Amino acid sequence: MACTAETLAAALRAAAAVIAEHRAELVDLDRAIGDADHGENLDRGFTAIVSALDTATPGTPAAVAKLAATTLISKVGGAAGPLYGTAFLRASVKLGDAAEVDGALLIEALRAALEGVQARGKAVGGDATMVDALIPAVSAAEEAAGSDVAAILAAAADAADKGAESTVDLVPRKGRASYLGERAKGHMDPGARSTALLLRAFAEAAR
Amino acid sequence: MKKIINDPKTVVAESLRGLAAAHADVLRVEDDPAIVVRVDAPVAGKVAVISGGGSGHEPLHGGFVGRGMLAAAVPGAVFTSPTPDAVEAAVKATTGDAGALLIVKNYTGDVLNFETAAELAAAEGLDVRSVVIDDDVAVKDSTYTAGRRGVGGTVLLEKLTGAAAERGDALDAVETLARKVIGQVRSIGVALTAPTVPHAGEPSFDLADDEIEFGIGIHGEPGIERTAVVPADELVARMVEAIVTDLPFGEGDKVLLFTNSMGGTPLVELYLAHGIAERLLAERGIVVERRLVGPYITSLEMQGMSLTLLKLDDELTELWDAPVNTPALRWGV
Amino acid sequence: MKKIINDPKTVVAESLRGLAAAHADVLRVEDDPAIVVRVDAPVAGKVAVISGGGSGHEPLHGGFVGRGMLAAAVPGAVFTSPTPDAVEAAVKATTGDAGALLIVKNYTGDVLNFETAAELAAAEGLDVRSVVIDDDVAVKDSTYTAGRRGVGGTVLLEKLTGAAAERGDALDAVETLARKVIGQVRSIGVALTAPTVPHAGEPSFDLADDEIEFGIGIHGEPGIERTAVVPADELVARMVEAIVTDLPFGEGDKVLLFTNSMGGTPLVELYLAHGIAERLLAERGIVVERRLVGPYITSLEMQGMSLTLLKLDDELTELWDAPVNTPALRWGV
Amino acid sequence: MACTAETLAAALRAAAAVIAEHRAELVDLDRAIGDADHGENLDRGFTAIVSALDTATPGTPAAVAKLAATTLISKVGGAAGPLYGTAFLRASVKLGDAAEVDGALLIEALRAALEGVQARGKAVGGDATMVDALIPAVSAAEEAAGSDVAAILAAAADAADKGAESTVDLVPRKGRASYLGERAKGHMDPGARSTALLLRAFAEAAR
């Protein structure tokens, strides 16, 4: 199975539901080491994506991703808005005018998303950010090259879960959690957690 | 959580409505995206000084919009940087040929969103510069962190650059001034209680009745150190020490001392702390020439305070004394 | 209890030291008994408007000392009326041939102590008049109580009589004005949390997380009714109703709307409430011509707010707009 | 035994100790239905009386009472300062230039004190104020006429205790507690309690 504009839109709706469901959890993670808004921010953004998809029907996967990108950029704010917005924007560029996204193109798009986040946020692996979920996710996707979209996303989601878990023991060096230094240890990074949630939602939608 | 609100989702919009109603002579509020704009904007021939950031720090920034200070303020959701299109809307509403200066507090979200906005505005042919203020000495340098936070110094920076813009300084000069101010202003904050973000519904951190957080920011993040409650003399001494040794400030320096309430700390305590700071600075031979005391950059209902020291010279003193007419700071008019 | 203090017994004296240091251009503080006096007092030929009361309501009264408002303020211990000799000292420091008006908030302690002070001053040949302000509609009339309390209306009364004195009105005229203002100003307050008196060390009352006190005063006394937390729309509607039906205020009336924070309620909530009050008054055809929004008469760190409505006419509006230069209220200078 | 300037001064010192000891209790009573300062106010006042007595040695009971009165008036503030100040002032006037106070004069002085408090504060019995301790105290003293000072004070103190107790069931109509109306029921009036404490301290000192 490959991914079309319609299936990507459906995946985004599914992701919005997951974010809404985990809103309080993400707020709580951010409350511990940040400013208690990550869940609220993403919920606002993905709710807006759903609204946007209700009124527009972009014709290509790239156009859907771009709609998500611009909506996130204009509705989320904070650090997560520009970062996730850039991720979707770079992915959209990579998707070009393909009508269907196959496994190979998906992997390229994921890699582009990661590079976009790193270009904007300057975080590297180990800084305890969403990048710590994205890096292993992209690697796992690349290792699953040749599989179908669903399998690639499942591999990425599994790796993202572990990556998010790994932030618990890290001393953050980027974003708001970095102010806490050693005191942030023992807490999962909210952005890494939301990245894992999003990839899991996409993987489930692709099954 | 107890707050005078209707719904966490509409707090900022409803609060802006009250701000607009209360100060229609000075500012207006535009919706969607929400921005606060000087009532007479755009002011021909003058640089527009614009700032913004998450809400919850009132009067910062909306309360500083008006003659002699900000041309516009861009309020995000509570503790959340506004989006680029909101910043861009504020630029468009206030900026003419003289250009605009964006004052950005150093937080990842603010920097990223304002950066994008500046690019968007530049693409429309507007001359927009940005400065990033990072005056919080509590934070280690940026090898280990997102860099020092922008805190109390922001208020002073907005007043001084706003005054320069008002007297007609060109954008280059206003930008140079801003960088100078950022170079010589330092702050430190403490919290006695945590704020409660409306949509979170619970205090941002838990503090026992005998604990305080030293080196906090303005977003409910815990501080750099949790310590026992100490007498005000000792607390203020630690704060003064942290600031003075950082720049450093030394004997004979003329300064502006800004003693700020984080929101929930009442004036009776704030003036008490201010008096101690004045005494400690005098003991070090540092000359307090101007002062500001009150809740000007807050963190919702958090109890606590911050101290900010700005090194003054004749130019800065003159700009500080220049007339200002905003909801929260007003003199000379 | 967590406060930025050294010792409950020295809170007021230390806080006054900070006030004096911060505003030496406007006022000075004299010790033993502690009084806050306009820096240029006594001002020849002008009536001295003097007020005072327990501390813990800052900026009231010390923050309103200065040109165009109070000649002196007399701060008692926290929530405790000052003694007659302190009031007398303030009268002596500021009063010449033009005489003095004492503004007394209606509390047994304040009335008794100011009464004695007025007698002492009269015995020294000074022309001293007193007015008692009792604007709190929460309190039943004086058949059952000590009478209505003086609350938010006090701030407006001090501004208006101070302006009249500044423009040179004679004592008779200032006193008449004061009685007129008292006759047409009404207030109501609510509390979300209790204040903690420093020497008591514990909150003045206990409120569950879903309860508020309606009809509170400014001394940590419980209100007239404990109710569930309600949305801001409903809360403000109840407050407006209580005030408007009391005087009553009706369609076409021009008013000053004063939305006051009790100390711990941040501006974001206060402006939200103010916006609601503006809307509700507009719906009733009451015309808000002037407004004041902020923490001006507080109760330590108590969260809550009060609304005050003053019926305006041309004279009162002109006096409100007249220049004032005090730590807490400043315009026109 | 009759009461001299010295014994009155000693009684005031004893009273100061009792007030200091009950400072927190009086604050708590006032916290419940007032503004949490009554204990602090009286403690400040009686501490000042002790200081005044350390430096001055008034020659007559009246002069001692007057010193107490002026000190309370200038150090206490609030409602209690003027009321207790007036009580001591009126008592002092009644004591005249007597070198010793006998039972009869004491009773007159107590009556004068009560009248002074009522003249200033306009409270009547049943308003739930210190007057509700003073009225029965003065009546009891008058009933004990013919007894010695110690016995009269003991009777007054006993009655004041009961009077203070009676305020628990009253709806206050004077002072700060009156704002609460029915809500003040179930709480003892702090001023009535302090009146009872003071009379007990005097009675003990007179034994």
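Note that the chains are named A, B, C and D in the order they appear, and that numbering of residues resets to 1 at the start of each chain.
Methods note: contacts are C-beta pairs under 8 Å (C-beta built on N, C-alpha and C of every residue); 3 or more make two chains touch, one makes a residue touch a chain.
Heads up on the chains, UniProt names are A, D = Dihydroxyacetone kinase subunit L; B, C = Dihydroxyacetone kinase subunit DhaK.
Remember, it's a predicted structure, so these values are computed and weren't measured experimentally.
**Q** By label order, what chains touch chain B and chain C together?
**A** Common contact partners of chain B and chain C, which must touch each of the two, are absent.
**Q** Using CA atom averages as chain centres, what separation in Å is found between chain A and chain D?
**A** Centre-to-centre distance between chain A and chain D: 74 Å.
**Q** Using Cα averages as centroids, what's the distance between chain B and chain D in whole Å?
**A** 54
**Q** Go ahead and note the Å separation of the Cα centroids belonging to chain C and chain D.
**A** Those two chain centres are 32 Å apart.
**Q** Where in chain C do residues touch two or more other chains at once?
**A** 78
**Q** Which positions in chain D are in touch with at least two other chains?
**A** Not one residue of chain D touches more than one other chain, so the list is empty.
**Q** If every chain is a node and each touching pair gets an edge, what shape is that graph: line, ring, star, complete or other?
**A** line
**Q** If you look only at chain C, which of its residues touch chain D in the complex?
**A** 33, 54, 76-85, 107-109, 112-113, 116, 138-140, 144-146, 149, 197, 199-200, 202, 204-205, 217, 219-222, 224
**Q** Could you list, by residue number, the parts of chain A that touch chain B in their complex?
**A** 27-28, 31, 33-37, 40-41, 44, 73-83, 120-121, 173-176, 178-181, 183
**Q** Within their complex, state which residues of chain B touch chain C.
**A** It comes out as residues 1-7, 11-12, 14-22, 55-56, 58-59, 63, 78, 192-193, 209-210, 212, 229, 231-233, 235-236, 259, 263-276, 278, 288, 291, 293, 295, 298, 300-301, 303, 305, 327, 330-333.
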